[in-house]
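Each of the next two complexes has chain A plus one other chain: chain B in the first, chain C in the second.
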Partner chain A sequence: MSDRSPATWLRSAVRRAGEAARSVGRIARWETRRSVGVLDRRTAILGVLALLVAGAVGGAALVGGGALDRDIYRVGVAPDSPYHDVVVEDPALTARAPDPNQLGRGTEVVIRDGRFYVADSAKARAALSTLRDAVGRQNLDRMGAEENTSAAFPVVVTLRYTDRGGETPTDGGGSNGDGDAVGGTSADGDDTDTAPSDGTTAEPSGGLDTDGATRDGPVGVPSLGAAGGLLGGGDSSGSPADISPPFPFASLVLAFLFFVPMNFVIQPYGSTILNERINHRGELLLVTPVSPSAIVAGKTLPYLGLLVSVTALITLAIGGGVTSVAAVAPVATLFLAATFVGAMFARSFKELTFVTVFVSVFLTSYAFVPAIFTNVTPIALISPLTLVVRDLQGVGVTAAEYCFSTGPFYVGSTVLFALGIGVYREEDMFTQRPVPLKFLDALNSRITRPRSVALLSAFSIPFVFIAELLAIAVLFVLPGTVSVPLLLVVVATVEEVAKSVHVYAAVRGPFTDRRTDEFALRLGALSGLGFFLGEKFTAVVQFVGLPDLELGRAAFVSVGDGPTLAIGVLLLLAPLVLHATTASVAALGARRGRYAYLAALVPAIGIHAAYNLVVVTAIA
Partner chain B sequence: MIEAAALRKTYRDFPAVVGSTFEVDRGEIFGIVGPNGAGKTTTLKMIAGLVDPTAGAATVAGFDAADPEMRRSLGFLPEESPLYEDMTARSYLRFFADLYDVPAETATERIERNLDRLELDHRDRRLGDVSKGMKRKVAIVRSLVNDPDVLVYDEPASGLDPLTTNYVLEFVRELRDAGKTVLFSAHNLYHVESVCDRVAIMNHGEIVARGTVPEIREQYGTTEYRVFTSRPVPDADTEPDGDRHAVTVEDMSAVERIREQAAERGGEVVDIRTREPSLEEIFLDLAAETDGLRGKR
Partner chain C sequence: MRDPRLVIARRELRTLRSEKTIVLALLIQLFIAAFSSFLVVGLVSLSDPGSADGFETTIGVTGDARDDLLRVVDEQPSMTGVAYDSESAARTAFETGSVDAVLLADRRAGRVFVTATAPDNNVQTTVIVVQLRDTLSAFERSERADRSASLSSTPLDLPPRTRSPPYYGFTYTVLLPLLCFLPVFISGSMTVDSLTEEFDRGTLELLRAAPISIVDIVDGKVWAAGVLAPAQTALWIGLLGANGTTVRHPVAILVVVAALALLVVTLGATIALLAPDRRAAQFLYSVGVLAAFGGATLLPSSPVTTVARLAVDSVGPAYPFVVAGYLVVGCGSYLLLRQAVPRADVSGR
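So, the complex of A and B:
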């Protein structure tokens, strides 16, 4: 290269890139043809049916009715009865003639002469309960229509969702801790516009919008059980029993639609990858001038394109915007990347099924569960689905929030594809080894020299990030006295495994002839260094205010909070020393074998957890 | 066209190939023979750039075996025919021609011509529905879609019936006549002996003999002389053969001794026949020899 001018080098690079792009295009085109060709009629029908179901659910959510229980209870009531309008207006109830003979056959409840006759069945009792709720709501509505609201509502309860024991970010103080406060002035139910009368109520929590009018159960505006409808955010007044936390159900259901095609598409995608490994079928592609990465890209592109297209169509149908597509695309990519790696590791279609189910369940949970708390806590932003929910609610998303939500997905996808492509070669593709050994092979494929260990440590950060954020999401419902110590141990475990598993792979693989304590210490130090540098990636959490949470601080301990420069420098270097030390401990075990490695992880995790505890305590 | 220099491949602690060195000239058919596990396939895969050698190097048509550009000059046929069974023969072959950047018209002409040469019918039938022999023929045509100078065939007649086997071997000869360089492996020594210009015999990962078949025979085989006399020769291990007596010896001086002894008893040598050892016999001797050596180690 030294004797070539930059222009020549550039031309050569452009030519190679062009050739690679053409190869990818060719394989993608043929993969599409093959996939369409093997799609039998039954599979096609099932696929169409699945899409129709997804569309029906989405449509139901769209029309806002969402009354999945529409007209399921039949009530016999005369048109001149005062209950008739109640029955007609409630979606779950339908009016029938008040014929006692039909009780238990055509009707669940009959109202006649001011008496209620109820059939002896669970459904009839449920019907009566629904009727009772409907009557209560109508009474409430009537009282709300009274001019003298003070007479109708002598007591008004105003809800503010605030800091739960200091674990959700709030700017305002004065919360009484249990999230409610008593006002006394408003009777219109629009509590977001109502100033508290006694001054004990905090303002709506910072960072989260509370204007309520355009979204589902926003902070400060509780959705009210059945009064709000199944999918709607609901009214803002009612009896205390009707009050429920804000839950963006409609937006969540719509956002969930994006996952339906993903779960379908990864099935044929996983199959097409595994097919290449059955009977050495992919060997013939490997002897063509096309590189393994181009082969993988070509085979992946049609499925990614399909998912993005379907995402765009769903977005159009449910009224989302570009944000929704941009948020779902990295999720789709990670679905495919995880499936690809799984298909490269699986030994059979049975194992592949296990892998795809695991990918579906894990990624769907990871994306869906945090999004439930879209309007409650910034932890929800660990899921790109939260961006979709906010997009559907008409709330903007900042670039930092987008990076925070989708960054781990983009980087994680890249790392997974890189690992899979590492074993996309004759010597690894066709061997039948257990999945854990295949994983070690994939790691080894990226280890060519000692410093590769540092690189792999750095690239493990997205997965560490995802695991730790998931731990936060799971643990944040527990009291701080339990969740924080637990989280410190979980974080230490995740990070120690991430720093050492490829060291173990290296000393059992490419460096098997260099298994000395000195070399193991060198690998440990390099791994610690790589992890330390990669860990700085977590600085992105600063953008979205996660460190404002106690759990966030525990998981992503930040430096520079010290009172002096010396302490700041010490805090900067301390993590480096920690990571190098604990990784070296694990490396010393790894070089001695599997059990020694597992045993060495225990003190490494212990040291790490103790360090975390000291730092968190100091910061607190 | 092909150069293998001290190729070595070790899987963990197992040495699959131990220092293979050989050259294959343009327009030559070079065969590698050996029992299962001898290292033939691994050697071919290192030549084809599919397997990275632990040590040593290989060049094909002037390219390093690891260079992706080399693959444009190479046609590789693995031992099995792992085709995409949901594709038809035509679409499958066009797919590979596309990957080699072969223009569509050229590809179509080349594919049809080679399919004609191999008399392959059912070109638009799914490959999953055709016989093993037909799949093998499709695989051979696939190895030719890029019109390569070098062909590396691993057991090209593996699992085929005798008729198809002869067809395939004849086709390999035609390829050689058309100027292609062919490197192929087999454990059926008759195939190798009948087709190859030169041969290397592998056992336990190493080449134990190489050369043309006559050279190997001369170097490692022993010509036997069956001498027929009119009277029995007492000191020799003669056996009756009709109205004659036969004895087998391994050199011409022994023949002369038999003749003298027969003459002393008033008899004479009535016929002498020579018998060349087959490549298989040589191979078995060499295999036994190397096995013995390994056992001693």
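So, the complex of A and C:
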């Protein structure tokens, strides 16, 4: 190297990069041509027909409202009763003869002479509740047809959200914004055409000062209606029945819009990767002077391009900007990365189907996170869909927020592609081995020296992050006495497995001749160190990028701010000691084989859970 | 010699077991169920004040319609009203946290204009807004009653309020059908994979060299996939029962699921025989199934509502005929497939 001048070196580097780009492009073109060639005319016609039917059905379901709960409650009501129309019109209710003897057998509720008779069951109470809502809606409809609007809707409500607690004392409170809002409504109120019944779309009221800079400006989602209420913002006005709590409707619709194409695209992508592995088909490409990473890049590029262009089209249709595309693209990448790894590990198409379904379910649920934490904006930022919502609302997205939201997706995709490319070689591609063994092989391909263990630990952080969040989401349903200890154990389990599984892979693979206790301890300590550094790095990023993320800091226990420097250092180093200790315990087991490894995980998880419990109780 | 079709079916099930994919399938279903329940339970408990017990909301009321509004507020369960003479006094109380929301009610031009202020970015926001909506709706009704002379029709009296279980409808109309039909879709997809893989690996040629017909091969695969769906549904019904959710007519539900599984698996097998490779087949299958089930929900009696109605016992005495109808459709499509298979061109790949 020393005899070459920097200019020569640079020139050859550029040339090599150009060659690599050309081969990637060639493989991408080949992949596109072959995939399109698969579609003969019959399939293409069938596919177009199926899509047309699906579209027509979807449209009809949106317009006609296919009710899932059609006729599940039976109400006894005479045809001449004023309630008869209500019961007939509500999809969930069906009318029966008003026979009190049938109560509890053929009917849940009986209406006779203006009185309501209800059977004694949970179902009957649910039926009465549905009936009550239906009557309320019918009354509103009837009032909407009245000539005299001010008598039919005597109350007009303007709902607005205001921060309180004086976090921003210079904000000036709400008093100045209020005058605007009242002025706006009274101006409307003079003419009678403020038909409150159409008030579902929030008219932006004038009181912008009250709400600060976070959400002034109209909601840019034309068809989503309730989107204004998404992140606790958006004022609404109308009849009392029209005001609605902030419901994360927009993020649900967006998740659906953006994720459905991904689910369709990962199917052929998984197929084309698995196809290479059937009957040694991929061998031809492998023996060419093209590197495995170039092959994988070439095969992935068309699908990524397709997904990005579909995303761009959807964004264009709903009126988003570049930010939206930039927010969804990493999700598409992770979808492809996970499918790629799945296809590299799967033994058959059946297995691949289950893997792809699992990938879609997992990632789609993760994107629903804003729906769960809708009232806690910084937490909602975990999902890139929040960035899309903010983009649609015309609110800016800072670079730190973008990194926080999409960072795990970028790192996660990189790690998954790296793992998959690690086993993109003859001895792994064309052999039928159980998925766990393939996984260990993939980890091994990334371990060359003890230090690699620390690196792998650090790179497992995004996955740990995702898994723990989902655990919080799912365990949230259980009562607190059960869910908190369970959550601590789950968190400990996830982290311990993430820290030790590659250690286990390492002592079975590259370090199989160095299985001493001393070496195992060294690997354990390195793994703990790597994990600790990764965790702290994430914490620092969060702290710098999102200073108001208090809940996040509480959820992912991290300590600091000790009363004195000594205690502060102690508190900072305690997690390091913990991670190194538990990883070493697991490593000692891993050295002795599979069962010893599983057995050693138990004390490791126990120590970790106990530590978490102490920290949580000490903070609380 | 044993029936070769049974041998093929058993081999199908054995690969599922050895690949442990069935565990993954059950995990997926459990995960979807848990997550959708979580979403609904979380959102419902926030948006239904009746289920959030002991949450007392204090409302500051001001403006010239104060007294009328205050009367309605005090009638509401778990809500207290406090009167303020001026708007700024109410706002100060809101800022200091002594009231949770402020209602400013003014009479103008024969109407009452209410400006409601609710706290932002707060977990309680949803609960407060829903309570405000209920209160203001009650206020609207009482104001409307005062103006009934100028209305051409009178609103109906509302049925009494009950403490109804908030997830009752969700459990039977969403969760249970989800758990019934996910296994059906997965079974169909499995059949598509299983058949296209035989083509792709060229093993179908070998199988055909054995003394069995192509109908036998398809039979074995259809049986294996068709048995799996009702078995999983039975497991879910049992688990729901253990959790305190009684499912009525379990046998009828299992028959409906089995019939639909047969129909969907037949569809999958047909597509696999017609489509050139797995990519096209899986695409056609997923779009086709989505369209078929989406379209079915538009009918007055879709599979989803049939299962829901059976489970809550909202069926008439004629329900065995409905169940038998599903069975006829399922078996009919399967018999048609068997007729068509020998004529399909499966050798040229």
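The rule we apply is simple: the second predicted complex is superposed on the first by the 364 of 620 C-alpha atoms of A that agree within 3 Å, B and C clash if a C-alpha of one lies under 4 Å from a C-alpha of the other, contacts with A are read in each partner's own complex, and residues count from 1 in each chain.
Everything below uses one rule, namely that a contact is a pair of C-beta atoms (placed from the backbone, for glycine too) under 8 Å apart; a residue touches a chain by one contact, two chains touch by 3 or more.
Small disclaimer: the values here were computed from a predicted structure and weren't measured.
Enquirer: Between chain B and chain C, whom does A:V290 touch in the aligned arrangement: first, second, both, or neither?
Expert: Touch partner of A:V290: chain B, not chain C.
Enquirer: Which of the two partners, first being chain B and second being chain C, lies in contact with A:V357: first, second, both, or neither?
Expert: Once the two structures are laid over each other on A, A:V357 reaches chain C alone.
Enquirer: With both complexes superposed on chain A, which partner does A:A152 reach: first (chain B), second (chain C), both or neither?
Expert: The second partner, chain C, only.
Enquirer: State whether A:E427 touches chain B only (first), chain C only (second), both chains, or neither.
Expert: The answer is first: A:E427 touches chain B but not chain C.
Enquirer: Which partner does A:I27 contact after superposing on A: first (chain B), second (chain C), both, neither?
Expert: Touch status of A:I27: first partner only.
Enquirer: For A:A525, select first, second, both or neither according to whether it touches chain B, chain C, the two together, or no partner.
Expert: neither
Enquirer: Going by the contact rule set out at the top, does A:N279 touch chain B (first), chain C (second), both, or neither?
Expert: The answer is both, since A:N279 touches chain B and chain C.
Enquirer: On chain A, which partner touches more residues: chain B or chain C?
Expert: The partner with more contacted residues on chain A is C.
Enquirer: In the superposed arrangement, what residues of chain A touch both chain B and chain C?
Expert: 38, 278-279
Enquirer: In the complex, go through chain A and note every residue touching chain B.
Expert: Those in contact with chain B are residues 23, 26-27, 30, 33-34, 37-38, 278-291, 425-427.
Enquirer: So in the complex, the part of chain C that touches chain A is made up of which residues?
Expert: Residues of chain C touching chain A: 15-16, 19-21, 24-25, 27-28, 31-32, 34-35, 37-39, 41-43, 46-47, 87-88, 91, 94-95, 97, 108-123, 125-127, 129-130, 132-133, 136-137, 139-140, 143-144, 146-148, 150-153, 155-165, 168-169, 172-174, 177, 186, 189-190, 193-194, 196-197, 200-202, 274-280, 282-284, 286-288, 290-291, 294-295, 297-298, 300-302, 304-305, 308-309, 312, 314.
Enquirer: If you look only at chain A, which of its residues touch chain C in the complex?
Expert: 35, 38-40, 42-43, 46-47, 50-51, 53-54, 57-58, 60-61, 64, 66-74, 82-83, 86, 92, 94, 109, 114, 116, 118, 122-123, 125-126, 128-132, 135-136, 138-139, 142-143, 146-148, 150-166, 173-175, 178, 181-182, 185-186, 189-190, 211, 232-233, 239-241, 243-247, 264, 267-268, 271-272, 275, 278-279, 347-355, 357-358, 361-362, 365, 368, 371-372, 375-377, 435, 473-474, 476-477
Enquirer: Mind pulling up the chain B residues that touch chain A in the complex?
Expert: 45, 48-52, 68-69, 71-72, 74, 76, 78, 80, 82-84, 86-87, 91, 95-96, 98-101, 142
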